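Chains here go by letter, A, B, C, D, E, F, G and H, matching the order in which they are written, and residues are numbered from 1 within each.
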């Protein structure tokens, strides 16, 4: 919780649930994946993380479904699927 | 540490959910840059898309984990210069960084930036150049390419119009300020970008400047999937060459021996749709002209500026 | 131990700044403020002013640098005049709404056009509603004392607002007179170091400064800002009282009164012309005319209550403005006084004068004339809607 | 209260001379102020400065219109400006001139006239014709309104001993005509 | 022949500018003014606005370009908001003192900080004393009509001053409604071409513009400037009358009155809130409460005489300010009205309100509350010294 | 017509008596430039020495024969851009010219100038660079040389102090704006200056920029007789090289194959009096560095920028 | 006077749809105004717009707090914002949905509910799911406050015939439940 | 005479008699002079003119006595003399 300030100050993170915006959903095929990390480097929202096992995974809470990871993946390991009606 | 390791292990300093457009490569750039800079950073986000989408926060909350603020559109560099002086007065050290659009940099904030550059204020100034004022709906800036449609350089039904002037060669103008470090970068070359931010952080005295060329999906008419591919073409066509300079010692960091035609780049962008061959040829010509100038500088290598040369 | 010296107004301001131990200074030269900048760089070079200094490329950057520096929580100082103030207006307004206690001397100079470098507080008075505190002073000792006090007022926890100490270009800035300069120890005892505890840019306590804000919240901030202005009315008086205790000089706080007690007529003004007014008031008194001086020191916050009190029981008053309010046919101070008095218990006859613009001298002769004319107006029970212009009869210089 | 007006040209140190007089007055426990006329002081252009001296604090911050004393640092100015405008009865006039005071024309109200060859002394002592310090010596000698030692001390502090010695020599060599 | 369309406020302004045949336009985008710039470039590209246009790198240059262009004697137009106005303040002040009849729409937006892009006339009202004429309007038709009239007023020989037509950001700029657009021929007949005959840069008639000027002469220019402001009071009414004759729409000149004739209470305000005030006044009237509206159209020049006249015989009034005067605890309009009334024959009880800052809505509910509270204050015979804040009770959007 | 004929026959457009210091080479430069420009000129003189000494006039009189005005310190280029647009609107043609100090150009007015340069406003912008703000008593500017005494970069009794930064290489920065014409000039090379003003007048579209290096006698501590000799040394030492550029095609107009040491120049100037050998060597080094950069550009000659090169 | 509130997301043309309704009202001789809620309309973010319609000029330039009609361009919004806040008695609700009006939950005060599969029609006709034009057709069908021809004409003028045909098809296919 | 303007305008030339400032006076020796015109080109106040006969002469009304002409004359044809007391 933020303290009372006399001037315009913000504290604590404001995060828009951008996962809601998604109309397409990235699906990563761990078998095809070459563990190159390119998707992680180019995902604009930092939704892709590297696990302890060097495996990559996509967090859908904020993924906006832009398709950049799929487009950039040299192994074509990511597919963009239509987002199911929530 | 490789760029990938850096990006995979460092904490994202920006709120995980900001309202940038789907696929926005400026968002990518910002997150990347901030991961490299790390938490000991004070971040200026002038009015522009990144402020508009919430990186400085809303009401009583913040959009970033590092201290972040709105400068005015026209005073990012001078506010940061003041922050540096304040830190010095307090005996403190931190990265003092602007992440500013081309409007805030090349137009409204240029004088403040040029002044800070000359004084040698120790700040890292990063310009994301999306060729215009996107936050207000895409008006032209000094950085907009010739021929480009913008909402203030409209195109008639017959396809005439668009911006009449070539874009300011701003990174080179900054290099002529004899700065300790100037570089260009692209969201399509993240490892290159990571290295450049690291170089900027190494600067001990004076201003470091990085100019990043970020095609704007919404403003330019680009599908989100194409974001990086088109950014890459801007480099591969030599339209936006990647280099770095210490003082006037300039060197390419990505060499493009066999460029693709500028047309291949331009034709994939909505805002250039109306350009006919002759007008694309103009863009090819300025590209060649500017590139060969850079080549000459690159050839001069360290030589021209070594003391006593 | 203080020492006596002969200083011009700019040097008095520079000494005050030096003694207040600012941590960051950024300034840009402009006539008639330039010597302040030069004195400060000289102090800095001498080692007597150990602070961060920035030689900027414009006033816009000067104020921007101080905004940034103040956001790191340190004490900041600058000075400017006229066009310089105008050029920094965007960050100037913002420094107040960010609640940053920056101290800035304004060496009042007329606004161009016409092209001029000479005096008149048009520059700062036009911008009285940009949220800063503004104090106007009368002589060089008052410049020095008030500038030191200004830091205390600005930085006090109930206030936290930037402040201008304004003095007339040339007539004070370039006028030399006897000034007592307090010692560093004395000033240190009066003015503790500043460290911001409200809004701060520091990786140790990350916060966002100035997120995009909805109207309801903005209104909260505006209310707090206005309350801080009101709090400054008290803080100014407190600082003056403490200063008087320590240094033996009081300047009256938000207003100053001279021979008002039994006065029938009050002359109201601000700035250096108050000196001539005192002289002429003594002359008039000698002739049995019961006139006094109400000097407005604090224009922002406006000292409404004290003005009303000072006028209570008087027959009427006259206001000398060294500035204009273009669309109202009077000067700005007259406007302000009228607005404040509208709510007071009684309606005083009042005369309005404009004079001394663009460096024109407000001579003793002219000031005496204004007093005479005020008495006539008041005795006739009139309230001016239009200012009379004070013009010196043409004669060879 | 005594009011003084100085006439010089840009580059002669007119404004500084006025300040020295105020310094001297304050050093001896009195009050004073000096105000330059606010022009653009470029080399050669006429410059005016005003002084008020008194035993009590001085309040008006205005120019002097009716001087008790006029100091002319460059005689050629007399053709350019009317140096006598507003001068009071029984006024003092001090002129930089190699000629005796008798040769100086002045209105009747001026009853004391002094001259000193300020340029000559200055060139001899410091190699440059900067008349202001010599004129200070002459002023003190002629009016006695401030003490010579106070002036000499301030000049020495500002510009060194050579200049201070100019003040003394001028003080000694000033010719005075009372009429 | 005029035609009816549905326009937002910005498009109404852009049409007005187009129809007035400006010869030079220079503007810089800023929310909420941006669409004006975009519409104008589109008109220009379409060929319906044959003029010189400059896409500048900042508002400072926009106003500087127009200053230069106007000095060659041609008709000039621009628009801005808030920070843009702040950044151009230096050349803004100067354009008026050079007596250049530039027309500029100000799309009113709150000043930062806090960071905001939303409405409120703080931007232009803070700068009311910079010598420009300033008119505030209430709806989109009035934007269009007044902007056209503004050229006529500014360029009239007795006036020759720049003018702002100010309208609320978003509440007008982005609100669409029915607007009648006059034909080019009609506007041409109303508004003759402009050619400067006073101050001009032209090798055929060499003159120096703005030589360095002594104070006495400067005061002459200031007097002429103030006289021109007074002349504008007449010129605004004349332009309105002629416009009414030609186009069938009158906006009242320097003020507008609604149901004031038999009113006991007047609500005073400016800008778009006047719409809600009319609505609430009708409601109140329906309940037998005799209240009327005094809308200030011309803030500069301030229509003192007409304000006094409008208030004559009323019981009292209330002022709604969508802005603040930081150091006086009220809004700026309340200040101005009080100053003007000080000289009037009688002292009216008066209520002061501040609300709707930073885009906060001044809803019918809130406005009705202000009317109610005004009546209470007036009936109690009080005069506010401090504004009451109008805040909407919190509820989910 | 030779430069001499031009100057001997054309009418002086400035008042014969302006209050510039005795021997002022800015006065010389102004009169020369205006003779070349002739009467069909609108002249902007921003606040600075030339305005201060009366070129815009006093009270109700003018200091020039051509229309002349004061812009603000910071808007010479944008006011002139407006004048050009106004003339266009009226179908008129005239030289639209700024004669501005380095403060008004390199510092406070740079943004307006850079904007006008990018837009291609057709104006002739002449900067007289006396390395500081002389009108207000010589404060430092971005154009002040490293080490220089100024009233805001004072020198201690031991000789330390002076300006810490090198001067902005402003003419080159302007050349990187890809202007139709950019040149440097010196009051010691009047025929060269005359030719450059003529070239600037020939420009059909866009902004022409001339940067003139004018040692200030009073501010720098130079005897009036030495005015031209010292100006000449600034060129002959390569401290301020003379060149012109069309776009990026840069060429020396005065070649200095055998430069005199920078020390010979610096030692004759009062404001540098305190510099020891090491500090003069720094000035020599930056001189060499910048000169060899120019040499490289000069060598590129037309080649680098020819379309398709 | 009728008051309407529209809920959409950035990119759906919510604000423009509101303007079209005002256009139609004015074209048929009435009055109206529309005001967008002033946020940053980026793709995906919730957007609100307000409309007032009347036979006489409309004076308040304020937002609508008590709508007679609510138009929801994206059903998913119902989880993000309370679309029913302030709704009046006997209100209309128009929702973009492939499902029948019976499936829509709404407070009792809403007495008429309409649905139309705006996305489907839009994709079919113009290849993109931009629901605003279809919602216009449904609005007219449901409320009858403006004339369908006026809306179609304005849509045709703004965005061409394909879009205009969406309005008509939506008008025809809108399902209405009065309760 | 200037007309009455409403704004700050100057007409007619304002000329300071800068000849009064002179402490040294340039004397040109027509015999030594080579008619090169350099003095004319470098005189800051434009005091030197070329006659019909290609001879150069110095106008003393505005000459400030700077000595530039003397310093620059390649023929040393100009001498600076102390200005006589006026």
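Everything that follows uses one rule, which is that contacts are C-beta pairs under 8 Å (C-beta built on N, C-alpha and C of every residue); 3 or more make two chains touch, one makes a residue touch a chain.
Treat the numbers as computed from the prediction; the structure is a model and nothing was measured.
Chemist: Work out which chains are contact partners of both subunit C and subunit F.
Modeler: B, D, E, H
Chemist: Could you find the two chains linked by the most C-beta contact pairs?
Modeler: Most contacting pair of chains: C-E.
Chemist: Counting only Cα atoms for the centres, state how far subunit C is from subunit E in Å.
Modeler: Centres of subunit C and subunit E (C-alpha means) sit 30 Å apart.
Chemist: Where the centres are mean C-alpha positions, what is the separation of subunit E from subunit G, in Å?
Modeler: 34
Chemist: Could you tell me the distance, in whole angstrom, between the mean C-alpha positions of subunit B and subunit C?
Modeler: So the centroids are 44 Å from each other.
Chemist: For subunit D versus subunit E, what separation do you get between their C-alpha means, in angstrom?
Modeler: Distance between chain centres, rounded to whole Å: 57 Å.
Chemist: On subunit G, where are the residues touching two or more other chains?
Modeler: Answer for subunit G, listing residues that touch two or more other chains: 43-45.
Chemist: Counting only residues that touch at least two other chains, what does the list for subunit C look like?
Modeler: Residues 55, 57-58, 83, 87, 90, 94, 97-98, 112-115, 117-118, 207-214, 217, 221, 359, 361 of subunit C each touch two or more of the other chains.
Chemist: Out of subunit F, which residues touch more than one other chain, so two or more?
Modeler: In subunit F, 19-20, 22, 51-52, 54, 56-65, 70, 72, 74, 107-108, 110-111, 114-115, 118-119, 142 touch at least two other chains.
Chemist: According to the definition of touch, which chains form touching pairs?
Modeler: Touching chain pairs, listed by label, come out as A-B, A-C, A-E, A-G, B-C, B-E, B-F, B-G, C-D, C-E, C-F, C-H, D-F, D-H, E-F, E-G, E-H, F-H.
Chemist: Quick one: which bits of subunit H touch subunit E in the complex? Just the residue numbers, please.
Modeler: Spelled out, the residues of subunit H in touch with subunit E are 5-11, 14.
Chemist: Under the definition above, what is the set of subunit F residues touching subunit B in their complex?
Modeler: Against subunit B, the touching part of subunit F is residues 107-108, 110-111, 114-115, 118-120, 142, 164-166, 168-169, 172-173, 176-178, 247-248, 285, 288-289, 292-293, 296-297, 300, 304-309.
Chemist: How about subunit E: which of its residues touch subunit A in the complex?
Modeler: Touch list, subunit E to subunit A: 113-115.
Chemist: Under the definition above, what is the set of subunit C residues touching subunit B in their complex?
Modeler: 23-24, 26, 51-52, 54-58, 60-61, 64-74, 90-91, 94, 201-203, 205-214, 217
Chemist: Using the touch definition up top, name the residues of subunit G that touch subunit B in the complex.
Modeler: Touch residues, subunit G against subunit B: 40, 42-45.
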